[in-house]
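Each chain gets a letter, A, B and C, in the order it is written, and its residues are counted from 1.
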Amino acid sequence: MKAKFLAGAAAFALLSGAAYAQDLKFPIGEGAFNWDSYKAFDEKYNLDGQKITVLGPWLSVDQELFTSVIAYFEAATGADVEYIGAEGFEQQVVIDAEAGSPPDIAVFPQPGLMRGMAAKGQVLPMSPEIVQWTKDNYAAGQSWVDLVSFPGADGAANTFGFFYKVDVKSLVWYVPENFEDAGYAVPTTMEELKALTDQIVADGGTPWCIGLGSGGATGWPATDWVEDMMLRTTTPENYDKWVSNELKFNDPIVVNAIDQFGAFAKNDAYVSGGAGSVASTDFRDSPKGLFASPPQCYMHRQASFIPSFFPEGTVIGEDADFFYFPAFAEQDLGSPVLGAGTTMGLMKESETGRAFIEFLTTPIAHEVWMNQTGFLTPHKGVNTDLYGDPTLKKMGDILLNATTFRFDGSDLMPGGVGAGVFWTGMVDYVGGKSAQEVADSIQATWDSLQ
Amino acid sequence: MEQFFGAATTIVIGVGGCLLYFFLTNLLLGRIFPASGPNISRNINRANAIRPWLFLFPALILLALYLVYPLFWSIYLSVMDANGREFVGLYNYQWMVSDPKFLESMRNNILWLIVVPAFSTFFGLLAAALTDRIRWGNFAKAMIFMPMAISFVGASVIWKFVYDFRPEGQNQIGLLNAIVEAFGGAPETWLTHEIVNSFLLMVVLIWIQTGFAMVILSAALRGIPEETVEAAILDGASPLQLFFKIKVPQIWGTILVVWTTITITVLKVFDIVLAMTNGQWGTQVLGNYMYDWLVRGQDSGRASAIAIVIMLLVTPIMIWNIRNARKEMR
Amino acid sequence: MDNIVGQKSSLTWLVNLAAAALVLLWTIPTFGLLVSSFRDRDQILTSGWWQSLFPQEASVQYRAGAPDTAVQEGGVYVISGNVFDELALGEVSAFGTNSRDPAAYPVGETITTDDGYELTVNADGSYRLTSATPLEGTRGERIFITSTQAPSFTTENFVKVLNAEGLGRGFLNTLTVSIPATVIPILIAAFAAYALAWMEFPGRALLIAAVVGLLVVPLQLALIPLLQLHLKAGIGKSYMGIWLAHSAFGLPLAIYLLRNYMAGLPRDIIESARVDGATDFQIFLRIILPLSFPALASFAIFQFLWTWNDLLVALVFLGSTQDQLVMTGQLKELMGSRGGDWEILAASAFISIAVPLAVFFAMQKYLVRGLLAGSVK
């Protein structure tokens, strides 16, 4: 190890045990990265011999990418960080924490789960510095802090999470050349989108591919639709109330949003395979219709991760592209954006764990990942030119142009609702039940949880 | 490699240790209550009263720690709130009886309990009887056994493809719809048709469990003393008579064991439902509903209450077993 | 004994046919998976596996060489190539350039595209795109092809799974878990089953019923209290812990199956041994154990299968770091965060099925009573 370190490391690496320098993705000091932030961190900490584990839901590609970020922390501090990607993350983190052997840090895909575990005292509060830093340095900082602030075991409110890596959900995917062939233009308002939908039907095509199937999680893609529709038919304040159930699930406002989704999904002519196939089509298969010959559909509304399920070799921005899922022009609600993100939670007290969270506030921890692929950040201090591909930058722009940013509501609701009856209710809805009926039964479950 | 030696050592120590335990305790028992001397009959009686417990001891310890203790833990949790913090009495049970999804699960479970064990045992018996009489029997057995070797999740994927739906006019990739189309029918979204879909899910479990039934029943069939079979043949019994009148009654006990075991597997099943429909479109079953509340609903109270119901459902089987055991003793 | 009565042959035929039908019915879904494991993801999702065995007509999209690959030939810019360099081999029957009408032109015809280029596609897949002016854009022209494709398969899925990092380690871990977890419960259960079958003591019936009752305790609920127990007892997350857990979870079924089998053994053998002065320990070792071999073998198969395919118990009691991960865990990771890679699942299912099947074949001869008949008589 010593030999390699001599060969590869820059001079300042002498300050700490840069045992892992050889694994670094980008050589320190090169490129447009914010190396100053790395150096400052490097000088601040020396954690030789310390070891922490991070448990998270990222697997395969994401796991490699995150590990490439971790390598810089290891190089800077000499600590050893083991990332464990778990297929059943939710289950495992709950069992480990209950049994008393949690990881040092857990990467929560949903704040809802974190809320439950914080209430049991299984997650430690973030330090005030980190909270203040988030408020100051993240775009819409306060809202990120609010999402992970909830009562702890003692009942006192605290901030338990730190957001790292966000996703944009309000995207409609399409094949530009198919639009070209048919002479369609990208719609910029919901009215135009609806007109385009009718136009495609009139031309003998099928506008949408929608699939809600997802094994044990069947139904979730519909919750994203409904949340997007909520943001486009009512105020962000009402959205927040809906998420906390101050606004009842069976309120006419919510029922209307569900029906707005139904206007697309429950119309046989609008959906590839007919409304009957929506619930059973796997969400991973549904975008394939865009690429069929002749196309089985022209548009697909899904979050930024979906290109991994496009046919092999598809180039985003060329073979397939996306546009912002537009808002109604007649409703004065600006351009709302629905998103999601992963948040770090400290499960055990340790200097290294706290240092790792602090490391994630440095620009370099964001730039290393964003320069590769699949990473969006609200960090205002990063060099956005480093986004690995123009698509990410375009998504970043959607994030920046948002007049309202709201977090995936189903992730914030109690698990029994947001990851339970909301999903199943949406399946019942596309299966033929009325929006009112479904909303009533979801509200009934929510009541029973109190 | 190191861990492999570790495992090998464990096997040796484990197996040797077990044998040594049984041997030594047995020896000790013989020393304390020698089957000789003045109190010979009292000693023999005492030794006989203790010996069964020596045989049972390791099993009982493991069962108590790993199954009975969690069982009581579950009963305790079922009267607590979602976090296991506060006592809520029978609230979770009250919630259950008024919950439509729970009632649906009960209804489906009863269907499953009737259909799956019956068909699995029937096909298992058929497979065992047929494969025992043919030259390529071992190969046939392996083929029918194969689904057992695929994990539940793998099996679910296989069958999801069988039931897959593509709109009319597109290439069907699901075998079932392809067959329906070949006969001039219209493709269906099979998994969303209530009642029908429950049966389609049962098919998956029957497909898996038949291998289990076949292996056990085949061993039992081969265990029938040849004299009785030969005697029946000499008496001129036809092959069918031979099978139903001579062989089946002889392995009746095993058939019931297979039936019971599959019944219990059915009560616990959740992977198949979880992977294929997650209990939607009216296919929920208790096993999956419990899992749902445990992992997704984060409510250990409700999950435990459902688990208790699953265990109560098995009571009739237990009673039946007690009766059977008594009968055997007489 | 088959040929004692004369008209056996028709029955033999019937039995063979019925067995064949049953086997076919049972293997078709698995066979579908096997075929699928040799196809890539797009193939799996666009056509049925049975179709892949025969040539089939398909409508696919091909992208011609990028504009910057054009060569100048006598004043015109030319891009030429063969669509089958990328697509599965076949014969083109029609082509088009507009997604709305993908089979607009017969092969061999020269047509003018929307962008003003001239295009010809031949039946053998060769194409030629010409333009008087330099071609624009960064991506090649889309050509829609209707072709009859020969069956095509790939071993890539298997290569990917077998080359996966840590798979060998996972394999070793799985073996380390499953062998002791199969052998230990069998031994413990055999003793207990003997006591429950052939020894008389008060509470026997109740114990038998309790064992059956324990069969139904749902594992999921047991995980948290047991892991706590392991941590308190100092076992923590280790092989010892998982061996104990698997052994205990397998015990009820083992005891139940074995007791039932042992209870069915001929009473006179055991009685006469007792009369001869044999102790219970001797009877068990010398008579019961050998006679119960078919039952032991069948339980061994099932317990091995269960520990081999298990993921949940391993993740909880062993942990999920790279060093601790069992094979099922490795395979799950390969399938990615959203688990959509069915071709990987298909291939890995066949790789992980191999060992249990080998065990089944190896154990099968012990399922046969004939081998042991000698020791009975």
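Keep in mind that, in the parts below, contacts are C-beta pairs under 8 Å (C-beta built on N, C-alpha and C of every residue); 3 or more make two chains touch, one makes a residue touch a chain.
What you see is a predicted model; the values in this text were computed from it and never measured.
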Pair exhibiting more inter-chain C-beta contacts, A-C or B-C: B-C
Central chain (distance from its CA mean to the mean of all protein CA atoms): C
Chain whose mean Cα position lies farthest from chain C: A
Chain centre separation in whole Å, for chain B relative to chain A (CA means): 40
Intercentroid distance (Cα basis), chain C paired with chain A, Å: 32
Where chain B and chain C are represented by their mean Cα positions, the distance between them in whole Å: 20
For chain B, residues that touch 2 or more chains besides their own: 295
Sequence positions of chain A contacting 2 or more other chains: 88, 215
For chain C, residues contacting two or more additional chains: 45-46, 311
Residue ranges of chain A in contact with chain B within the complex: 88, 90-91, 94, 113, 116, 119-120, 215-219, 272-274, 276-277, 279-281, 296, 414-416, 419-420, 423-424, 427-428, 431, 441, 448-449
Contact footprint of chain B on chain C as seen in their complex: 1-2, 4-5, 11-12, 15-16, 18-20, 22-23, 26-30, 32-33, 36, 44-51, 172-173, 175-176, 179-180, 183-184, 187-189, 191-192, 194-196, 199-201, 204-222, 225-226, 229, 239-240, 243-245, 247-249, 251-253, 255-257, 260-261, 263-264, 266, 279-281, 284, 294-295, 297-298, 301-302, 305, 309, 311, 328, 342, 345-346, 349, 352-353, 356-357, 360-361, 364, 367-370, 373
Contact footprint of chain A on chain C as seen in their complex: 40-42, 45-46, 59-61, 63, 98-102, 114, 138-139, 142, 144, 223-224, 227-228, 230-231, 236-237, 311-312, 315-316, 320-322, 329, 332-340
Interfacial residue positions of chain B with respect to chain A in the complex: 82-83, 95, 99-100, 165-167, 170, 189, 191-192, 274-281, 292-293, 295-299
Chain C-touching residues of chain B, taken from the complex the two chains share: 3-4, 6-7, 10-11, 14-15, 18-19, 22-23, 26, 30, 48-49, 51-53, 55-56, 58-60, 62-63, 65-71, 73-74, 77, 123, 126-127, 130-131, 133-134, 137-138, 140-152, 154, 157-159, 161-162, 171-175, 178, 207, 210, 212, 215-216, 218-220, 222-223, 225-226, 229-230, 233, 239, 253-254, 257, 260-261, 264, 267-268, 287, 290-291, 294-295, 303-304, 307, 310-311, 313-315, 317-319, 321-322, 325-326, 328-329
